Every structure is written in structure tokens, then in C-alpha cells.
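There are two complexes below, and they share chain A, which is joined by chain B in the first and by chain C in the second.
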Partner chain A sequence: MEKKKLQYALIGGFILLIVVLFPLVSNNFIIRFGTDILMFAIMASAWNIIGGYTGYASFGNVVFFGIGGYITAILMEKAGMHFAVAYLAAGFGAALFAVLIGLPVLRLHGHYFAIATLGVAEAMKALVQNLEITEGNSGIYLPMLDLSIKGQYYFFFYMMLGTLILTLLLTYLVLNAKLGYSLIAIREDEDAANSVGINTTLSKTIAFALSGFFTGLAGSIYAYQQAFLKPGPAFSVQTTVKMIVMAVFGGMGKLFGPLIGAFSIEIISETLSNYFLVAHTLFFGTVVILAIVFTPKGLIDMITQRKFGISYFLENIREHRI
Partner chain B sequence: MIIMKRLLKNFFYGFLTIGLVLSFGHFAQAASKSVIKLGCAISFTGGESRTGKLYRDSYDMAVEQINKNGGVKVGNQTYQLKIVYYDDESDPTKSSKFVEKLIAEDKVNFLLGPYSSGITIPDSLVAQRYKVPMIEGGGASGKIFSRGNKYIFGTLPPAGQYFKSTLEMLKTFNPVPKTIAILYSDDKFDISVAEGTEKLAKEMGFDVALYEKYAERATDFSSILTKIKALNTDVVLVAGHTEESLNFTQQAKELNVNPKLISMTVGPSEADFRKSLGKDAEYIFGVASWSTQMNFKGYLFKDTQEFVKEFKAKYNYDPDYHNASGIADVAVFKDAIERAGSLNKEKVRAAIASTKLDTIYGTVEFSENGQIKGTSVALQILGGEIYQVYPNGAKKPVYPFPSWKTRK
Partner chain C sequence: MAILEVKNLTKAFGGLLAVNDVSFNVEEGEILGLIGPNGSGKTTTFNCINQFFPVTSGDIRFKGKSIVGLKTHQICHLGIGRTFQVIKPLARMTVLENITASAFCRVNNINDAQEEALRILEFCGLADHNTKLARSLPLAGRKRLEIARALATKPKLLLLDETAAGLNPGELDEAIDLIKKIRDTGISILVVEHIMKVIMTISDRIHAINFGQTIAEGTPQEVANNPAVIKAYLGEERA
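So, the complex of A and B:
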């Protein structure tokens, strides 16, 4: 047991070291590509808290991303604040919003919850499109980061990396605390969890707020990196779908699942679009379908179980009766 | 020991994978020396893919035409043009990422723009960061040019300039009309048109007697028309959509409102509009930044008509202003590179800024902020057909309007 732990720690530390040193030996585009992977890893991991552990499939998580981005844009552009302030405000603002809408919306279950969260994101998009302070549908500029080109790439990469580590660390702590067990209990059977004295409303709301907090932080860094924000892309349903696909692909309800999902999905999609200018979306869709059919528990299951091969795939299919 | 062995094996496979992934990018980089690479991340898929295709077709056609006719001459050397494309999936995040890839990995010399303003802005910021000039034909929003970005040039005219040629035309009439009514639908584009027109009209000394907004898809214009009748304005300018233009014209006739000139942004140039209104469409003015009926002396092609013919033969559809704008983008690059006599990005940027080039799209000249100077023209319906009447039109404008009652 001790040996195994040591082994994991070694592998983990080594991977982290590679990731930290990686920008120093890469060209700018590869760093940017890495930054995008980290961003989606944050968002997929944040979705995992509410979708994977708590079992509430939120289809509106992009709303926190958009809110984080817009809080950053408004504070920096209109109020002239420093990014550090805007970054924190984005996280806490998104978390506050999660609490406010979570109280009514988290009473819903299953499909109803999914549809309600989808509606929240769309409504927020419409609101932002029509507000004066967000400069409506034509979009809002942010001040550009005043560093050398290389410096800018390092800044955004390490901001995303730091935020991802924070996300995973806090999720890990939550999982090993009472809250984590409450969440899993809610996922397995909410009524039973309620009857044994778990304050399900409180637990769910905290989970939703945490999910919003980290997604908001990602949105904040994204907005500063792009230096321009528009309601359509900032509140795009596609972004939510991407978070979910990554989480499922990598392994829902596992700490490192979404991270692995984000990494592999982005690499696959990038490689495909390198080779097929138009058909890449078709192939990408096929890959995702195959993955869901053969490894419904996600890539992480394959990695941790050290199983790979026909028998593993067949076992999965039998188990899930596809 | 076993653990260490297994670890090493894992790492070996890990490195192998990472190495494979990283090496993918390097296969495509064997380019010959005499090629100028233009980078373009544009929509092949996603919401903007239909219009994105119009630009790609134009970019390709212009490049083909240049390469066929001797390429681009820089000093004593000739270069062929080549476009490196990526599909941005109509997503601004992807688009800006691919622009970074074009610059950092594909080492393109210059950039062509994507389609739609919302995607152009993040892309233009990357161009600015790397100081690589980008010419775009697909973003008209003033926002793109509002931040003093010196590396972005756009060939779609600003919405606010749409009626500029019409206002200039008014000045040539005798007597010069004095009062103007501006009506506009409440969508974003028309609001920009109206705001710009009001400002221009005031600068040119006209009296904007009526400035009124109506709801998009409005069908009843009687209250607005009554106001126009009461104010007796000389000129009525309408920024709206085809249906609204139709309704407005019909009701103007019913209520016998007779301004000396009516001009509309959308409608008059469409065949449907003229068919539906029949004789009542006569003498109505329109504006367009470009249409297939125009005839400008070209740079890559002999003239607009020649271009339209060749384009139709090649792609089997009628080019519209998107296509023409795309052709102009590539033409401006060729002209600017040759004038700069170098592939140096700063020199070419300066050359682009001082462009004055006749293309099938019209004369391309950029304002201080990088956007093309308004090139819209005034059109008029005469004898059931639409003609360019100002500037240098095929026919002379008929002014003032014969009143509804006196028409046959």
C-alpha cells in the first residue's frame, strides 16, 4: 500500500514538473494550446463537482464562465481596477450568482434541472446583450496585458495552471471532508441522504457555488487573455457541452477524470483539424461516440484499472447493456 | 526494482506519445523559398460557414489569378502566393488560437481576416500583439477600429457612411434640398446607419427635421408618414429591411406623401421589391456598397463585369459584396508588398496604410483608423431597372420625384 502511494506521488510529481517546465521549451502556439487545455481542465473539473459528484447535470455552467469574464471586463475596463482584484471578484461573483440561482434551481431534479440551468445561461446571455454597461451585443474590450509577447504567454499559462491546481486541491479536500460524502450520498439517493440527516440543500448549494467559483476564475483569465468579450461566445451552450463531454470522456466523479478528458479531447481535436480541414468535426464526433460506447467510465478507469483490450471493451458493453 | 522498471516503461510510452503529438506540426513546414504565405483562420464549419465560404472562394480566386499572371514581384524576385487555412469553427477563441498558430508555427508573412466582426476583433488583437498586418473583408463594426490597432485594415465600409454618397449627391441638385427625415429600424446595423447619417447630414449643413426609430418588421407607417407630410421634408432616408421598405412606399402613395426624394438602404436593389411595387417603385433611390451591376476598373481583373463573369463560371453563383471585398483584400496585399519592395512587416504595413488602389470593388483607400473610406454609391430605379446614378452613374438621377398623382 505504501509503495503504491509512493508510486502515485512520484508519477504525479513528475507530471507536474513536466507541465511546469513545459512552456520554457515550447513555442508560443504550443503554450497557448496548453493554456486552452488547462482552461478546459478547470471548467470540466468544476463541472465535475456538481455534475459528477453530486449528480446534478448542469447544462448551464457556461453562465459562470461568462459572468467571470464580464465581471473582469467591467472592473478592468470601466473601473480601471487591477487584474488581481478583478480575478477574485470574478470568482466570488460567479459563486454568489450560483448561490442565488441555486436556491430555486437546485430543487429540481434530472432533466428539469438540466433544462432550467440551460435557461439561466440563455437568459443571462440575452441580459448581457442588452445592458449598457456590457456594451451590448457588439462586445467589450479589456485592457491588454503590458508584457513582452513571451511574457504574456507565460502569465496566462501559469495563471491557468495555478487555478487548476487550486481547483483540484480544493476538490480533493472537499471529497475527504464530510461535505464530499454528503455530495456522493445525494448522487446515490437524495431522499435517503435527507432522511439520515444530511442538509442536502446546503450541500448542493455549496457544491454549485464551488463549481461556479472555479468556472468564474477560468472565465476571468480567459477574458484578460482574449482582451475582448462578446455575449454570444461568452455564454455559448457549446462551452457547457464541451465541459460535460470532457468530464465524461475522462471519467465523471473522479478527481483527475476531467483533467485527462480535457487533455485528450483537445489533443484529438487539434490533431484531427490539422489533417482534415472540414471533416474533422465528423471524425471527432465518431471518436467521442466510440469512447462513450467502449469506455463509459472514462479514460481514467482504463488507466487506473490497467485494462486495455477487447475483453475490457466487451465487459463494458455487457455491463451497460448497449 | 519492479516499480522502477514499470515507471520507466510508463514514461517511455508517455514520451513517445508526446513526441508523436509534437512532431505532427512539423511535417507541413517544408515550404519553398519563393512563396509568400498568407494565413487565414476562417469558418469552414459552424454558424458563419456559409458566409465564410464566400470569402474563401474569393481569396482562392484572387490568389490563383495572381499566381497565374506572374505572382508578386519584390525587387528582382517573384513570389507565388499561398494561403494557409484553418477552420475556426466560427468560434472566436479557436480563431485567435489559430492565428497564433499561423504566426508561431506556420510562420506566415501576413494575415487575411475571418468572417464577422465578433471573430475579427480577437484575431486583430493577436495581429497587433505580433505586429503582423491583417487585412480583413468581413468585419464592418466600428469597434474593430476603435482601439488604435495599427495592424488591422478592413475593406467593408462603416455602416455610418452608407448614405454619404446620397448626401453628396443632394449637394449637386439645384436647388439643394434643405430638410431631411431619417427613419430607421431598431436593429443594430440600422441604428449605426442612422447615427452616422445624422452626423454627416449635420456636418454637411442639412437640417435633420425628423429622426425617428420604428420597430423591426413594422407594418404600419401611417403616423410617421403623417409627421413627414406635416413637416414637408424634402428628403426621406430609410434604413431598414425589404418588407419595411415595401410597406413604407405603398403607404406613402396611399397617404399621398410627396417628398422630393426617397432613398432606402435595403429593397430597391432587389428584383422582388421592384416586381411587387411595379410602377410605384419608379424613381426610388437606393444605396449599396457594391453590386454586380457596377463597373470599376480592376487590378487583378480587367473590370467588375469581367470579374463577375469569371466568378460565375468558376463557382456557379453570383458574387456579392462579401466576395468583392475578399478580392480587394488580396489585391491590396499584392499592391502593398510590391510598393514596399520588401516582405518586412512594418514596411508592408506602412504601404497598406497608404494604399490607393482601383479594384473591382471600387477604389480602396484606408482611413486613419484602418477602415476603408466609404465607397457606397447611390442607385435609382428607372424604367423598372436599378441604375447607379452617383457618382459617375450610368444614368443621371431624376430629381425631384414626380408626385404620385401626376404619374401615369
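So, the complex of A and C:
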């Protein structure tokens, strides 16, 4: 057991070292691509907290991304604050919003929760489109980062990397504490969880707030990186769908599942769009469907169980018969 | 002294009186059996006690204090544990994780919670199944898991809802032994059961209800010979 832990730690450390050193030997395009992967890894991992562990499939998590971005934009552009302040405010602002919206919405289950969260995100988009402080549909500019071009690429890459590590570290700590056990118990059976003394409302709300916090941080970095924010892209349903697909593809309710999902989905979709300019979404959809049918537990299950091949796929299909 | 006092408990679903003016006490350290035909309101009574449902009228007192209006998780913290008739294992968690999750009711540290969970699993005879997923246990194991999960919250009063249903004769004897063993640790028990062998052997007293109303109360012998009980179970001409 101890030996295995050491082995995992070594592999993990090695991968981390490669990721940390990777920008130093890459061109700007690749660094930017890596930054995108990291951003989606943060958001998919954050979605995993509420969707994967707690079992509440949020279809509106992009709202935290948009809120984080807009808080950053407004604080930096209108109030002239430093990015560090805006970054933290974005996280805490998104978490606060999650608490406020979670108290009514987390009473709903299953499809109803999904639809309600979707509605919240759309409503927020409409609100931002019409407010004066967000400058409506014309979009809001942010101050540019005062660094060389290369420096900017480095800055955003390492900000995303640091935020991802924070996300995973905190999730890991939660999983090994009372809260983590409570969340998974809620996913498995909320009534049973309630009857063994778990304050389900409180636990779910904290989970939603954590999910919102990390997504808000990602939104903040994104806004600063873009230096311009519009309601459409900031609150796009597609972003939520991408988070969910990545989390499911990599492995829901597993710490590193969404990270692996974000990495592989981005690589696959980038490769496909290089080869098939027009039809790549068609191929991409096919890949996702095949993955869900054959490996519903995600890529991480294949990696950790070290199982490949037909028998594993058939076993999965039998277990998750539709 | 009574650990649980149910006074004139009434629960209405629309026009249906599922529980109608039922009163009984569970004394400290005793096993009280709650019997009645299907649909007589036993599980509804349980759901009222742990506040899954709001009570329509009447009072429920635990250790002398009214618990009506509290939240379900607060009821557990006060010291009332329960099992479910339709068992609710946390399917994709291991047996140990199932029990650890509820041991967190009393402790905040994961090591303490796991230690407590291991002790409970040993007590319930599930120690060999620690690492198995809850859903992979056979029925008797999942029933035991249900009891273990309630025990891990360190209750003073345990509500058992048909924990013997569906077990074979050998498993039944083991279940009876386990329930007695729990009573011997000083936990008071309110048990709902259809299997007469179980309810007659373990209960100190029995409270019988039908159509939501009390029809008899007394020792197992008294209740078994009560005409109203026989009528409720077997029909008019047998009584």
C-alpha cells in the first residue's frame, strides 16, 4: 500500500514537473492551447464537486464563470482595482451567488434542478445584457496586462495551473473529511443521509458554493486574458455542456477524472478540427457517444483498473443497460 | 422513565387519516413492538417521529422534550436512529464508507469516524465485508448494514422498520440475536415487524394499531390473545 502511494506520488510529481516546464519549451500557440485545457480542467473539476460527488447535475455552472469574469471586469475597469483583488472577489462573489441561488434551487432534484440552473444562467445573461454597469451587449473592456507578449502567455498559463492545483487540492481535502462523505452519501440516497444526521441542505449549499468559487476564479482569469467580455460568450450554454462532457468523459465523481477528460476532449477536438474542417463536430459527437456507451465510468476507470478491450466494454454495457 | 412519548399523534394526508390519535411510550431500555396489518400506519408513525413528515397534531417527546418541528438531521443528533423498510444502502460506497459517513454524526475527525465505524461493523458481524461495495452485499447483509448505519450515529433510541422481512430462517435467528445484543448495550428499541416469530420473541411489550388507530397494548401474550388484534389480522369470524 505504502509502496503504491509512493509510486503514485512519483508519477504525479513527474507529470506536474512536465506541465510546469512545458511553456518554457513551447511556442505561444501551444501555451495558449495548454491554458485553455487548464481552464476547462478547472471548470470540469468544479462541476464535478456538485455534479459528480453530490449528484446534482448543474446545467448552469457557466453562470459562475460569467459572474467571475464580470466581477473582474467591473472591479478593474470601473473601480481601478488590482487583478489580485478582482481575482479573489470573483471567486467569493460567484460562491456567494451560488449560496443565494442554491438555497431555493437545491431543493429540486434531477431534471428539475438541471432545468432550474439552466434558467438561472440564461436569466443572468439577459440581466448582464441589459445592465448599464456591464455595458450591455456591446461588451466591456479590461485593462491590458502590462507584460511582454511572452510574459502574458506565461502569466495566464501559470495562473490557470495554480488555480487548478488549488481546486484539486481543496477537493482532495474535502473528500477526506466529513463534508466529502456527506456529499457522496447525499448522491447515493438523500433521505438516508438526512436520517444519519447529515444536514443535507447545508452540505449541498457548501458544495455548490465551492463549485461556484473555482468556476468564478477561472472566469476571472479568462476575462483578464481576453481583456474584453461580452454576455453571449461569457454565459454560453455550450461552456456548461463542455464542462459536463469533460467530467463524464474523464470520470464523474473521481478526483482526476475531469482533468483527464478536459485534456483528452480538447486534444481530440483540436486534432479532428485540423483534419476535418467542416465535419469535425460530427466526428467529435461520435467519439463522445462511443465513449459514453463503452466506458460510462470514464477514462480514469480504464486507467486505474488497467482494463482495456472487448470484455471490459461488454461488462460496462451490461452494467449500464439503457 | 419513558424515553419516547407519543401523545395523540395524528397524521393526515388530505382526507386520509394515516395515523389517528395514537399514544404510546417507549420505556428506557425496553423493546416495544409496533404491529398492525399493511397500511395501518406503522411506517408513517416512524416518519413522524424522525420528522420526515410534519405532524398534523399531537406531540412527540424524546427524553421529556418535544421534538415536533425539528429537522430530520437534528432528530438524529438528539439520539434517535432509524432504519428503512425499503432499505437505502449507499450503493456505490463501500461498507466501511457507508458506516463512516454516519459515524461523522458524533465525531469530526476522519480517523475517529473510521475507528468507530470498524467497531460497529465488528459488532454487527460485517467486519469481513469492509471493502465491498454496499450494493454487492446479499439482502441479509444490506439489512445488517442498515442497522449498522443507524447504530454508528450512537442512538439512545433505535427505530427498526421491518429489518427481518425477506430473511431465511437461519438469518432470522441471527437478526433476533443482533437486536437483543443492541438492547443489551442499553439502547431502547421501537420495532415494526410483520414476522410474528421475531416480534413475539424480542418485544417486552407490543402496541397494535389498525387503520391508524390503537387497538391493543400489552405483553406479547396479551396482545396475541386480544380479539381486536385477531380480528384485524384474520378477519371477523376468527375472533
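Following the convention adopted for this analysis, the second predicted complex is superposed on the first by the 321 of 322 C-alpha atoms of A that agree within 3 Å, B and C clash if a C-alpha of one lies under 4 Å from a C-alpha of the other, contacts with A are read in each partner's own complex, and residues count from 1 in each chain.
Please note the rule applied: a residue touches a chain if its C-beta (ideal position, glycine included) is under 8 Å from a C-beta of that chain, and two chains touch if they have at least 3 such contacts.
These numbers come from a predicted model, not from an experiment.
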Which superposed partner A:238 touches (first chain B, second chain C, both, neither): first
Which of chain B and chain C A:152 touches, first, second, both or neither: first
Contacts of A:138 with chain B and chain C, given as first, second, both or neither: first
Contacts of A:200 with chain B and chain C, given as first, second, both or neither: second
Partner chain in contact with A:191 - chain B first, chain C second, else both or neither: second
Chain C-facing residues of chain A, complex: 176-178, 181-182, 184-185, 188-189, 191-200
Complex contact set, residues of chain A against chain B: 3, 7, 10-11, 14, 27-30, 32-33, 36, 136-139, 141, 144, 149, 152, 222, 226-228, 230, 232-233, 236, 238, 267, 271, 273-274, 277-278, 280-281
Complex interface listing, chain B residues touching chain A: 3, 7, 10-11, 21-22, 24-25, 28, 44-45, 85-87, 89, 91-93, 96-97, 100-101, 103-105, 117-118, 121-122, 125, 129-130, 141, 143, 146-147, 188
Chain C residues within the chain A interface of the complex: 50, 52, 71-73, 76-77, 81-82, 84, 88-93, 97, 100-102, 104-105, 108, 110, 113, 149-150, 152-153
